[in-house]
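Residue numbering begins at 1 within each chain, and the chains themselves are lettered A, B, C, D, E, F and G in the order written.
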Amino acid sequence: MNMETGNPIIQTKGLTLHYGEFEALKGIDMDILSQEITAFIGPSGCGKSTFLKTLNRMQDLVPGVRIDGEVTFHGKDIFAKDVDVTWLRKKIGMVFQKANPFPMSIYDNIAYGPRLHSHIKKAQMDEIVENALRGAALWDEVKDRLKKSALGLSGGQQQRLCIARAMAVEPEVILMDEPTSALDPASTMKIEELMTHLKKKYTVIIVTHNMQQAARISDKCAFFLVGELVEMGPTDRVFSTPKDKRTEDYITGRFG
Amino acid sequence: MKSKSRVLKNGLRTTFVYVAAAITMAVLVGIIGYVLYKGVPELSWQLITSVPSVTKKVDGIFPYILNTLYVILLSLLIVLPLGVGAAVYLTEYARNKHLIRVIEFTTETLAGIPSIIYGLVGMLVFCQMLGFQSSLLAGCLTLVVMTLPTIIRTTQESLKAVPVSYREGALGLGATKWHIVRTIVLPSSADGIITGCILAVGRIVGESAALLFTAGFGKIVADTIFEAYSRSGATLSVALYMTAFEEGKFDVAWAIAALLLVIVLIINLAARAVRAKTRKKNK
Amino acid sequence: MRVKHLIEKVMNSIFFICGMVAIACVVLITIYMLVSGLPAIFEIGPIDFLFGTEWKSTAADPSYGILPFILTSMWGTAGATLIGVPVGLLTAVFLAKIAPKKLAAPVSAAVELLAGIPSVVYGLVGMLVLVPAVAQAFELSNGACLLSAILVLSIMILPNIISVSVTALNAVPKEYEEASLALGATTSETYFKVSVPAAKSGIAAGIVLGIGRAVGEAMAVMMVAGNVANMPGIFKSVTFLTTAVSKEMSYASGLQREALFSIALVLFIFIMIINGVLGAVLKRGNKHEK
Amino acid sequence: LSGCGSNNSSSTAAGSSKAADSSAAASAEDSSTSKELSGKISTGGSTSMEAVIGALQEAFAETYPDVDITYDPTGSGAGITGATEGSLDIGLSSRDLKEDETGVTGTKIALDGISIIVNKDNPITDLSLEDLARIATGEVKNWSELGGNDAEIVFVGREAGSGTRDGFESIVGVEDKCVYSEELTATGAVIAKVQSNPNAIGYASLSAVDESVKTLTIDKVAPSEETVQDGSYAIQRPFVFVTKDGAEQSDAVKTFIEFATSKDADELIRAAGAVPLA
Amino acid sequence: MSNRSEYDAQLKSLNQSLIDMGRLVTGAVDSAIDALEQKDIDRAAKIVKGDEAIDREERAIEHVCLTLLLLQQPVARDLRQVSTALKIVTDLERIGDHAADIAEIIPRLADDGIPVEQDISPMAHKALDMARMAIDAFVRHDMDLADKVVEADDIVDNAFDIVKRKLAKRMVGTEAAQDSAIDQLMIAKYLERIGDHAVNIAEWVKFCETGIYREERIV
Amino acid sequence: MNMETGNPIIQTKGLTLHYGEFEALKGIDMDILSQEITAFIGPSGCGKSTFLKTLNRMQDLVPGVRIDGEVTFHGKDIFAKDVDVTWLRKKIGMVFQKANPFPMSIYDNIAYGPRLHSHIKKAQMDEIVENALRGAALWDEVKDRLKKSALGLSGGQQQRLCIARAMAVEPEVILMDEPTSALDPASTMKIEELMTHLKKKYTVIIVTHNMQQAARISDKCAFFLVGELVEMGPTDRVFSTPKDKRTEDYITGRFG
Amino acid sequence: MSNRSEYDAQLKSLNQSLIDMGRLVTGAVDSAIDALEQKDIDRAAKIVKGDEAIDREERAIEHVCLTLLLLQQPVARDLRQVSTALKIVTDLERIGDHAADIAEIIPRLADDGIPVEQDISPMAHKALDMARMAIDAFVRHDMDLADKVVEADDIVDNAFDIVKRKLAKRMVGTEAAQDSAIDQLMIAKYLERIGDHAVNIAEWVKFCETGIYREERIV
């Protein structure tokens, strides 16, 4: 994979993952550059989510998973014994397909993460909450109802809340697994816009089924097929002149 | 990386959980084990198949087993159509939100009423007012009222679990409501109804207070079904109460207790099997 | 077409009638409780009845004060809740979240079994095992006391609390927990700060159900509580509302019998209140989920 | 429900021939009566009479298989009320009728001694009636006051309304004055309690008491058939059939009462642990 | 992402339309050369008339391209194909225009009886060749052929310079001769332009295959 | 609305619909031409589904709905007293967002509709089932497992089964409410292809959030906004030169 | 459905690039005219050199257009804008080319001392005006202005015919005079072509506003 800009913040080398007997990832080598949006595309079941969840070790929670190969974050092996997963997950935040705000107030949702990691005074927390919400372009919409339940928000607002929640623990990387697939176009648009803002501060990795979305927002694009990384490169290059026939078939809709 | 107090709190929480789980398991093993330990040695084929007789000095629990079966049979026969019907009405037909609320509230109320009150009202209504006296029939009717909420609730639950999309799909093909209920809704909620039945059976088997006041304490084996229902009769639970606390025959009592435990175990396993099947099917 | 419509109408009515049965039952029960319970209250006098501390139903000069029963029921229920809820809730967390499947499955099955055991069996074990044990542990001459009743009731409501809580905990969307973990929470933090609060309406429902069961239980309590009409005390022989009714009902006649129905009415009102609370808890839970 | 019985008339004939074969057990009856006798006898009341009524029932059924005798163990009070209200053909009471219980007639069919029982480990073997009264009223609180161990006396009794309690309290003279440590609702429960509590003392129907507890002598008299029959054992009570005055009794009921009061029933009553009338 | 079968059919038909239009255009040039050589006025008139059809075809192809862009949102090769079509259709149309321009001049040349400069004919054939090769390169996705077209441009450019110089020499004669020379010069210029357009087409063909236009990745 | 081809099979005139007090449809006039695909687009909550469900009177089932105005099917008022709704729904089939096969065998799913409406012999039913499945391009994939549960099919197959099921009762119009929004791109492609086949025989009306989809497959396109029909016309015209500013804003993503 | 703010920015910058390129191109033409009038060889050389920048700009704009088509999949006005850009950029580049073509001739004219035909200058200004108006029409979405460009084409065409005839008359002189006449004829031809391209641009501007190209709806 030839990467042109930035420095790699996450690197995988020969990352292989088995669910029991089933080989879900087959030796993935990848460099993720900081302050970029990297999009993963590929047909259903190709291993995008699996790969994503490996990066912040959420995959640890699945029983019967075996991981071989190397994943480094800032050059440090994330599977090393001395790596504290809670620290790793704080550094590599995650946003899920279905917006999953906790059934608490908007404020408490944002405050949840910071409270875990340190004791924070009220005033300081107020600031954290406001900053996170502003960062997720949600502040104006919710500033008058911070104490109301987060479940009362619309789908798109909920998803932005989840992004704000992830941002509140000051991660460096934000993983997003199909963050807009459950949203209507208007909300999707807002989230996409947000993502391009986010990359000024964070490294963003997004899994998406929506090729147009990958095209629109990502800097790099990686195409997966049955557990393999077929092709990765600058998005416009991948979408204009894919190197691999399978990539071309997929992005032009001639797949399957 | 993590602060000391955070580590400490985590450890404390985990310890509490394990202690509580240990207590629960100790209680579980203790009770179940003790009952089986005391009861199983007393259980014999002889005991199970004999009719107790004072004159012949024979201990036996056969009539109680038979009565239990009679009670289960008739109660289910009455409560099942009623309960399922009510549930179908609530989920499929009723449109008046207030009415639905009222019915649901009353169902919940029924579920919460203690059996002793069922016993009293059953005695007043079925035994005295309707003149059934202490009889299995009166007992069954009381149990019908008692188990009605169980059946309604579990049925309703499984009816609600039938995706609206099924109904929409059938409607979109031009099916009428009753047809949809018959061909789609009820079949796909059969598991829930069966679970409800099993739970109801469990409640029937375990009931003593209400039956004591309504079904009495007969230990005669009736010749005919009609006779059986018109006479008083003790189910196993009632018999357990009587033999232990009235007659002081603790050996027999433990045997009945063990038998009840086994029956409850079977009922639970059956319920689990049905649930597992449902879960598999839904996947 | 005609036939179709006719069938529709007929089925509609049948189901409607079925739906009405539940209402009819509750109405019937309520009416009977009132009709049979109210007269004695007025004859005895509501104040004397509810706040009288002496119950001597068969004495030559009988007195019918049920305050001891009311207070005992309250104490007993509170005590059972105090013990049963923490143990049950923590066990539920263990079963739903921590225990490996191989352990959780049989234990849950056993918990269900516990729920299904007839209360007479609890009475039997309580009387023959628990009561002597309590006597020995606390050096009492007689172990049949409020404490024994509380212990039996705690055990009896344990399965209610556990199974309802386990269900509620399992119903907590996995997404909540994933989100929490992804924010760098440990598993135990996740369970106690996200899962349990998220399941709180379900857990509350389980607790209220347990309370209902505790208030309504008669057979088992009767064997362990001593059944003397004392004002409640942890080591005193006491009578609950339920046992007051069931122990004397068999032999009662006249005003005594009517007074027993009145106690049943009080019990009924208690239960209605608890049901109301339960309904509110469930409704709030549902609303919250939306 | 009585209709049920008549519905079964077809099976009556078949059943009766079998009854004829075993008529030896009921020699008092001639086979022609037994043939016709059918119907239902509802009895109910005293729980202490459970064994007695069960024995009578069994024996009676051998002669009259079509007669259906029901029994509800609801307690003496309920038995008397049932008879008075007519819901029971025969009310069962383990005490004599009180003055205010009118409109019904009591027929004694047996006697029952009320045994005073203590735990097997209790060294006490005999009590006077006065001591008993002092125990019951709570005047004496420790066994040591009576020459036993230094342990609190746990006085276990029956619930209000019980025939046994009524009998005990009236004979010992402690009506409304008893201070119970525990009130239990059944005879067996009292026995079980005494069995499991070393300091307990209680009373229970002689018919139900077995080896698991120690029966005290009262004023040196042990309860037995003889002592009860001759009245030397004071704490005793009658078993009574209560019937409604002026109510028309079916043949079956009449025959059953006759059977229960006949000499033939003595053995059955004995078998049930009660004492036949002298 | 597409309603494949229909979309594929549309792409194919777009291709066919371009090939057809290419035939039409080269046919027009061919005709024009013939007409010039034989001073065939009727034929020339037909060519002028035929230009309208080519214009129509251009618009039709542009319509298809834009509709495809609008409704199917092509990417990768599909997008290159559509954008190439959108581009070369203009060049094709210009070639057609130039054929018509030449044809318009022919009647004047036919009248005056002055001979056509002999170098024009080979130049014309070379230009026509280039146009044909460019279209062939498109049809056959033949990069080498496209390269050849680019190379051939110099030949035509040189030919034009020569013709121009030769025609300049002719300017000395009568006014008619001067007019004729100017007309012929124009024809030569048009032929040179046809060559240029053929080069354009070849460049776009190369883009279509590689995404690279004039040595530069433009998509 | 100027319609160029075909003849109107469904027409609405001043169709207004209230949910209680809320006016969800505000006087819609529309002609749906037979043998065409008509797509409804518009932001969430604009009334697309409501309008669709009114056409086969599925809206009858919602309590508190009031409908004014006229809807005709083949010129006949569908709200007339003598119209049998079961007949209407047979003629105007419906396919839903989430594939909803009944929990029965594949065969029984298809046979369900025909059995409702008449008594059919086994052999004939076999034929109906086969034809329907062929029509939905599913026959080859399921012909060996007709007796197996329909729930075992993949999402895309289930959706095609639902289309087959709708076709088995021989409708004239098929309404589809976001039929592919729950599907992956490969399955979506198959369904879209199927739809263009369907229009040879049926009139198809589809609600979609996916503008590209509407563009790709529909002949006519109708844009709704807060209960109003803003614009309707040939799809390429609507997408190239919308007449209404709001339509343009919506299709170019500048809405909301 | 797009990442609006960025997309809008891209569209805007595309527009700006076109305007900039328009300035560049008309600037080149203007320069060429000046250089021609003043026989300024240096200036002419600069123009020839400057053509490379215009070519680069063309490619850059094409790149932006194709990237927008690829990644943003524009519809409606956005699509028209992008496709218009893709089309007119070719015309702009051609205009630039023609300016360079003219500039290339200038040194020869400057050397020979023969005066430039006086009608060329107004014709040149007219052509430049047309190009400017076309770009203005694009910038200001001004349909009337676009129409004016189309109308103006006849004036330039007529001017070319007149110049052509006048130059034909000049062919009689020396060889140098003949060469000059031919060079000037070429210049006139280039100016006429500039006018044509301006018309093309105007037509596309009209398309961009209405979707109608040469009286025909092509999208």
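Note that in this section contacts are C-beta pairs under 8 Å (C-beta built on N, C-alpha and C of every residue); 3 or more make two chains touch, one makes a residue touch a chain.
This is a predicted model, so every value here is computed, not measured.
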Count of contact steps on the shortest path from chain D to chain G: 3
For chain G, the least number of touch steps when starting out from chain A: 1
Separation of chain B from chain E, taking each centre as the mean of its C-alpha atoms, in whole Å: 91
Centre distance in Å when chain D and chain E are each reduced to the mean of their C-alpha atoms: 125
Where chain A and chain F are represented by their mean Cα positions, the distance between them in whole Å: 36
Where chain B and chain C are represented by their mean Cα positions, the distance between them in whole Å: 16
Chain G, residues touching no fewer than two other chains: 1-2, 4, 7, 66-67, 70, 73, 75, 79, 217, 219
For chain C, residues contacting two or more additional chains: 4, 128, 186, 189, 223, 246
Chain D: positions in contact with at least two other chains: 47, 73-74, 184-185, 189, 192
Of all residues in chain A, those that touch chain F in their complex: 43-44, 184-186, 189, 209, 211-212, 253, 255-256
Contacting residues of chain F [partner chain E, same complex]: 185, 189, 192-193, 196, 212, 215-217, 235-236, 239-240
Contact footprint of chain B on chain C as seen in their complex: 4, 7-8, 11-12, 14-23, 25-26, 28-29, 32-33, 36, 86-91, 93-95, 98-99, 107, 109-114, 116-125, 128-129, 155, 158, 162, 186, 188-189, 191-192, 209, 212, 215-219, 223, 242, 245-246, 249, 261, 264, 267-268, 271-272, 274-275, 278-279
Touch list for chain C against partner chain A, complex: 173, 175-176, 178-186, 189, 193-194, 197-198, 288-290
Chain B residues touching chain D - in the complex, by the definition given at the top: 53-57, 128, 131-135, 213, 216-220, 223-224, 226-227, 230-232, 242-250
